[in-house]
Amino acid sequence: MEHLNQLFVEAGTLMFAGMVFVFTFLGLMIVFINVVLKRLAIKFPDAVIQTRSARTNQKTKQNVDGVSPNVVAAITSAVTQYRKQHNQPSSTHKTK
Amino acid sequence: MEHLNQLFVEAGTLMFAGMVFVFTFLGLMIVFINVVLKRLAIKFPDAVIQTRSARTNQKTKQNVDGVSPNVVAAITSAVTQYRKQHNQPSSTHKTK
Amino acid sequence: MEHLNQLFVEAGTLMFAGMVFVFTFLGLMIVFINVVLKRLAIKFPDAVIQTRSARTNQKTKQNVDGVSPNVVAAITSAVTQYRKQHNQPSSTHKTK
Amino acid sequence: MDSLNKLWLSTGLANFESGQVIMMIVGCLLLYLAIARNFEPLLLLPMGFGAILTNIPLAGFSEVGGLLHFIYYAGIDTGIFPLIIFMGVGAMTDFGALIANPKTLLLGAAAQFGIFATLFGAIALNAIPGIEFTLKDASAIAIIGGADGPTAIFLASKLAPELLGAIAVAAYSYMALVPIIQPPIMRALTTEDERKIEMAQLRPVTKIEKIVFPLGVLMMTIFFLPSATPLVGMFCLGNLMRECGVVDRLSSTAQNELINITTIFLGLGVGSKLSAEAFLNIETLGILGLGAVAFSIGTASGVLMAKLMNKLSSTPINPLIGAAGVSAVPMAARVANKVGLEANPHNFLLMHAMGPNVAGVLGSAVAAGILLALVG
Amino acid sequence: MDSLNKLWLSTGLANFESGQVIMMIVGCLLLYLAIARNFEPLLLLPMGFGAILTNIPLAGFSEVGGLLHFIYYAGIDTGIFPLIIFMGVGAMTDFGALIANPKTLLLGAAAQFGIFATLFGAIALNAIPGIEFTLKDASAIAIIGGADGPTAIFLASKLAPELLGAIAVAAYSYMALVPIIQPPIMRALTTEDERKIEMAQLRPVTKIEKIVFPLGVLMMTIFFLPSATPLVGMFCLGNLMRECGVVDRLSSTAQNELINITTIFLGLGVGSKLSAEAFLNIETLGILGLGAVAFSIGTASGVLMAKLMNKLSSTPINPLIGAAGVSAVPMAARVANKVGLEANPHNFLLMHAMGPNVAGVLGSAVAAGILLALVG
Amino acid sequence: MDSLNKLWLSTGLANFESGQVIMMIVGCLLLYLAIARNFEPLLLLPMGFGAILTNIPLAGFSEVGGLLHFIYYAGIDTGIFPLIIFMGVGAMTDFGALIANPKTLLLGAAAQFGIFATLFGAIALNAIPGIEFTLKDASAIAIIGGADGPTAIFLASKLAPELLGAIAVAAYSYMALVPIIQPPIMRALTTEDERKIEMAQLRPVTKIEKIVFPLGVLMMTIFFLPSATPLVGMFCLGNLMRECGVVDRLSSTAQNELINITTIFLGLGVGSKLSAEAFLNIETLGILGLGAVAFSIGTASGVLMAKLMNKLSSTPINPLIGAAGVSAVPMAARVANKVGLEANPHNFLLMHAMGPNVAGVLGSAVAAGILLALVG
């Protein structure tokens, strides 16, 4: 009983210290995001070139895909099917 | 020679016991298929929805084989995209 | 100092022996290519069928990029190639 | 005939012990849940199969020289498999929603109360005769409340390997049961009006933020909680590979082939801990019960925290997204979205719930680090 | 110059032994068969390459610390590589044809007579001076008749590791020679009319049957032959992953990347057993001879069993499909189809032959289990 | 409170040593170079991350039982990871350009002078107090001049494991700096007219040549330099799988998933050698300096050799392609192409430079074998 009481005290301390620590830690992460990341985002915005290249990418894809509008939909479905078989992006998280 | 005779007896026994066992075992598997699986098949037939999707699947496949231009183009693009993502021939050398 | 001198001598010897060996070795490789490989190339030229299929391949690629009416053939080969590289359903069993 | 007799003595039928039979049924049950009920099949299927294999008489799968013995000691006892999976999960995780709305980190923190309250509860169970949980055992059990499979396996393999099987079964089962466990608690603790709250659209997040975020998280973990760095470090490595844009082939492999290969072996290895001696006892019942408690308390804590924040915050916060703080990515976020849609058919909470959802992953890794530091 | 002399003494030319030269030629022969003759290239190419590497003087590939030494002891001595490959083969195998026509299991059983007859023959070879096969050796050799590579490697690594190289070479070579070995035997044992027999179309098989089948096979193996559960268990795990429909990403990885990676290393590791001492002796000749006998007897047994069944059965059975019972999937089934087409150009036996073909895989795994239980 | 105090004592902040802080900054620098500067990111990113992880106080990543300790001793100390990567690189390498113009092998040979001259230089550095390089150390350092990452890691792990971290950092950094280091040297040693030289189109190469080439290279290595067969053998295995056309699925796996998985772990494992004791000393400065010297001398030797060959040869040879002899595939070949285009906008040297480029890979593997044979 003595022993159990001591365990309870230890568990209670753990609970308290643990929750304090978790909140402190994730709270500091908020500070980090609000202070460091926001400044970085202002200083290094996503480059216009990058946006452009992304656009070019999309264009390229359309070109590769074959320029016919019907085909685009077909491709989307083909790619989706392919991803389902090989990537399963929505369910992958469950892997853990 | 004594020893060899004994080995022959053992090998013969093994041959007999082994074939009996193999036939018994695979024979029981026949029973299992005929009794258990067949009943399960009746009790849980493939859902209609599933059959449908299977058919759609088959159709898609047939189209691929049987040249329906839209879908076919879709696959080409899927393959191209896939290759881009997985092969990257120009940068692969850098792996080393 | 004595020791360092000895190291220098060893390093120099290594440099000399190493470069001699490297040149000899790669030089022999030149002989190997010029003598063995060239003869093999004459004796076993790439089969005409293969050259043809290679040409078709090139054409196919152009077709895929340029979206010409021959797309159908391109897809067939793309799908076939893709299957060959990644699934090989017919020969996979041989893996065992 | 001597040979046939020897053959009979080498059959399973002649050597079965009742415990093995029961554990095989447990294994089949896990397979059923995985296949028919879609309970986290990627892990429960190999785990259930491993449970069957390890209980086969004479086969020696989990004895020295056996396949599952190799797998367990090479991959789980060392912690390598859960860490590789954590790297893959990191490579699959998009922290965009969290960076856009960092307040949701507090929800991920609050939900960890499920862990620490369960730790207390596990100690309390010692009052029941037949149950004797040390502080290490209790910590390993409590982590079930983190709703994060690899974290639970990693911690259990360090603190209480003999309970690993039961803990993994409980963790993955309850993760699969999230859509059943959470909604009643969420509805009970919120009003209709609260559930209808729509939230402001998230700001776009730049590439640099996404790249620096995992590095920042790692640095903070290094400074304040080195014992969590194996888990957080591998997670951040995966996430950095994903976001940096220069090692896409590594990121893709980490998310696909590598995590798949590891998952098969992790499942088999965990299943090998489902032996009769280790599983068929009253402690397993206790673990299963505590697991349910842990999930419920975590859900409630998250929702209550969100209610509090909604009152204090200038921008509206739907309390439902607090439930996603338990992690169980992305199931818990989907549940929040679904319950929200019931109250307000135009209210799509999914993206908003992804913030607390991934915060919960970090939160439970941090909690695991605390337990390792203080109890391990 | 001292350095140049040291360099000369470190060349291969100054250190070759004749056995090593011969074994390198054997390795090159295997490469030739793989590349130019398409003899099971996926395994024979790395195996031939491994044979060359292991016989390089001074390089120490197969000595402690060498690459092939690591590969062999980590992957083959433990049985891990063949089991992973068996899992992948399971994930590639469709049991539909077998479930639709379960009688064909008897053909897969009959063909295993090739194994047990060869065991007898291997003992008989002891009459030749210089050959001394123990019962373990004979069992490992006999399994060549199973026409199943990973099964042969697994059993040989357990019962007679010193014969592993020769057994693997024989197994894969004869598997590649199936289209040459089988047809004459098939034609000799059947009449033109029998070869013309057309078979009834197979019934469709439901999803539930395909899911429960591997579990049923596993259960039966557990009950009656636990020593076969490593092979059968991993095979059934792969097949279950394939059919259950909820872990497609695991199934795909097992069928592709995982089996490919393992195949490379399995081949290299088996090749490392092709050293001069282990291979260049009269026993290897005996093994190669016995392998041919095993394949022939297995083929004949299958065909004869099919003839018998055709006479007793109400539905017609083409005896040619009995030859597919030796496994060698899918080569043997294709051979049955081809020989059938010669007799009747409208007779497509491929699907019908897939039944005995996959039954043969199970049959030889069962036979391997029996040998392990009684001899191991 | 005792628990909070214990928690504080378990933080990184309370336990940091200055060396660890500096090494973390080095790790971050490597990440920066990889991500922002695109310096060989596939290896430098995991390496930089590994450097951070290994220097975390209390976390024990590189102590017995730690993740990086397992990775290092299983994969790098044994040489397995670099050899697997070499196999993958072999599977990615097309020797067509080399076979079409075999003279370029001499350029690949000449560039290895960078290695042996650096060996001499490393010994000379012993004159500086605080630096004491043995002949083994000097050899491991010199191989940086080979401009080949896995070769450098393999040799360093055998000859001077305590220098492995610095050597790998230097090797990959300078490989990434090839576009900056080489052009000035190339321009200084050639005239405008020489840079303008156009080369004759390469003859087509048949399939049989490409298949037999790796086997021939392997045979020559076996005859003359068995100590190089681990590297050359695995490289040739990969190349044979690529060219033979019958094992495409193995070749594809070797080029993609297998090399990706190995690269992640190789990088982490190498990073684990970046501890303060091993890296923060004057010897590292020496290694970094010697690395730059090695690349420069290698480049110069290649260019000068090409100038000589251009004078002696009947067909014109652009001296710029000599610089590609250092390997650093395909970067060095691209640099040669780019510098050539500056002088003559119609002069595409890329394919011509691929010959010496892949010759350089063979050349440095041969050089590594020589060092192993004479010094190891």
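Should a chain be cited, it is by its letter among A, B, C, D, E and F, assigned in written order, with residues numbered from 1 in that chain.
Just so it is clear, a contact is a pair of C-beta atoms (placed from the backbone, for glycine too) under 8 Å apart; a residue touches a chain by one contact, two chains touch by 3 or more.
This is a predicted model, so every value here is computed, not measured.
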Handout entry: Required minimum of steps from chain E to chain F, each step between chains that touch
Key = 1
Practice task
Could you check if the interface between copies chain D and chain E is built from the same residues on both sides, meaning over half shared, or from different ones?
Solution key: different
Problem - Pair sharing more residue contacts (C-beta pairs) when B-E is set against A-D - result: A-D
Exercise for the section: Can you check how far apart chain A and chain E are, centre to centre, with Cα atoms defining each centre and the answer in Å? Expected result: 46
Exercise for the section: Report, in whole Å, the distance between the mean C-alpha point of chain C and the mean C-alpha point of chain F. Expected result: 20
Problem - Euclidean distance of C-alpha centroids - chain C vs chain E, Å - result: 31
Problem - chain E residues counted as touching two or more neighbouring chains - result: 3, 7, 42, 224-225, 249, 252, 256-257, 260, 263, 370, 374
Problem - Contacts with two or more other chains, residues of chain C listed in rising order - result: 14, 17, 21, 64, 67, 71, 86, 92
Exercise for the section: Can you check the complex and tell me which residues of chain B touch chain E? Expected result: 4, 7-8, 10-12, 14-15, 17-19, 21-23, 25-30, 32-34, 36-38, 40-41, 44-46, 50
Practice task
Spell out the residues on chain F that touch chain D in their complex, using ranges where they run on.
Solution key: 3, 6-7, 10-13, 15, 24, 28, 31, 34-35, 38, 41-42, 45-46, 49, 52-53, 56-59, 61, 65, 67, 70, 256-257, 260-261, 263-264
Handout entry: Footprint of chain A on chain D - complex, ascending
Key = 40-43, 85-86, 88-89, 92-93, 98-99, 102-103, 105-106, 108-110, 112-113, 115-117, 119-120, 122-124, 126-127, 135, 138-139, 148-150, 205-209, 212-213, 216-217, 220, 224-225, 255-256, 259-260, 263, 329-331, 359, 362-363, 366-367, 370-371, 374-375
Fill in the blank from the handout: Residue set of chain F touching chain E in the complex reads 78-80, 83, 87, 211, 215, 218, 222-227, 229-230, 233-234, 237, 240-241, 244-247, 249-250, 252-254, 257-258, 370, 373-374
